[in-house]
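Naming follows writing order (A, B and C), and every chain is counted from residue 1.
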């Protein structure tokens, strides 16, 4: 257990160091986020739809799509010179590869979310400061959900010749519960409803997190095998 | 199967493996002892790379067993490194996964392979010869008793090849067992203690090179196929 | 028995089962159209209910079978289990497609729109997309070992996802109820209609099994063919 966590830590740190140095995926994710937020804002009919109405949807579409851009990156860096084989030749438990990648992906997506959020407030003029803590909780829970599934699926997708196509195709159905939940919760938080009103959706996302983090961790070894 | 000396380093029995409906390895068995250097020759597509990967533990055979008495290091066609990181950073990362004290060992190894001056340059800028040397340093991090090489001289110019062969000779002098897959029999013949041929997934007998001309042994092996 | 022999045998058997099921389907339709009373509010269009609901049942069953066989495959590693799981997925796609087309055909005369975000229809849409992803993934992987393992992962993950999708859609619907009160679920039915429905469900289940056997047999024969090709070269 300790060995897994230590190895996972090293792997996550290494991933973040590489992304920090090249910044390619991060930059594209960020540009994409800004574009999506802006396009969704401008493409509505301002007399019919208020910014506040589409804000929750816009936020979550931005988060999930920017996340998808970054998820393949985690395993593509391992493919260039087959570094993953190098990791498998060490005594590091293979499960550590999942946890390390999961952690690095969370950091990556979290960073994009952290930068997108102020932009979101700027464009859509929504009062997130009133419920900031709760909003962060909701974002964290939903992000864990799609990053867990995304980490597993991207490990599979990069082994095919069509990684950029396969990942969205496989991942999108899995995004439905956290995405819908995230939008509903964000909308209600912004309307000023108390958290107890939202217990149903919170429990849904919470259960999703538990189920899929576990499933992804267990099934990861199957994907590593050749 | 020829049984070699007493300190066994590796024993493989009845290895079989298929890929995409074809048999890649058929009932391969071999045994290696401390100090043995086996040169593995054979036509392309004979299964040599697959055999190396099975012996290293990266692939599971469909049948058969591999007993490893001690640790193994591997140098394959791909360097198993991260282009965005420096040589030192790459080695430190793998050292941590091997739970080996990273600083001294890494510095020592960089000296040993002659890359101390380029230690802080990104590996993505390295020539193939330099990549090979970093890869060897990576394989040596945990002081393995057996080293596996898959076409170590491919893509190297004459000078780089000579450097590498000298390095391999130094390993042989230290008593490290090695299996080298290569068709460069002329250069590597004097490093090896044994030679064997893998053709169509089947391994021929291990011929000792003690007191014999490698070229002659090679010719014998080629004929055995007829 | 070789793969080829198994394949041929199951194909023959599957053919018989499918033929019987198709006769059953014809019989049920006859009963549905001629002998079951016409529903008061929805009129004749309501009769599509007798295809729509059983197809939904068969589609869900196909999916669960794929998921369970995926788990079994990872445990036993027998490639025939993988072939059966894939066969079930393809049959499931077909049934899901039926639901997604009959739903709107039913909906148009009753609600005036082709698509409503009705709970069952929406869930089926995502199930359909999941199946499609599974099939596309299989299409891009050439090594049977990798194909089996990766398919099994998606199969299992998909099976876990299904209840979450249903819950999400249900919770969403209760917040945004459909504009029309009547929904294409199973309302309390008079006996006649209930009997026809039950018959249809039974017949569709047999049809599923028949199609499954045929598709599985095809998979076995294809596998045998691939082996023969590889051995020959």
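Rule of thumb we're sticking to: a residue touches a chain if its C-beta (ideal position, glycine included) is under 8 Å from a C-beta of that chain, and two chains touch if they have at least 3 such contacts.
These figures come from a predicted structure and were not determined experimentally.
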Chain whose Cα mean lies nearest the overall Cα mean: A
Relative to chain B, chain with the most remote C-alpha centre: C
Chain pair with the higher count of C-beta pairs in contact (A-C, B-C): A-C
For chain A paired with chain B, centre-to-centre distance based on mean C-alpha positions, whole Å: 40
Whole-Å separation of chain centres (CA-atom averages), chain B against chain C: 51
Between chain A and chain C, centroid-to-centroid distance (C-alpha), Å: 31
Multi-chain contact residues (two or more partners), chain A: 225-226
In chain C, residues with contacts to at least two other chains: 145
Residue ranges of chain B touching chain C (in the complex, touch as defined): 18-22
In the complex, chain A residues that touch chain C: 149, 152, 156, 159-162, 166, 169-170, 172-174, 176-177, 180-181, 184, 200-201, 204, 207-208, 211-212, 215-216, 219, 222-223, 225-226
List of chain A residues in touch with chain B within their complex: 7, 10-11, 14, 17-18, 21-22, 77, 80-83, 85-92, 225-226
Complex contacts: residues of chain C adjacent to chain A: 74, 126-127, 129-130, 132-133, 136-137, 140-141, 145-146, 149-150, 152-154, 156-158, 160-161, 164-165, 167-168, 171-172, 175
Residues of chain B touching chain A in the complex: 56-60, 72-74, 76, 78-85, 89, 93-94, 96-99, 131, 138, 142
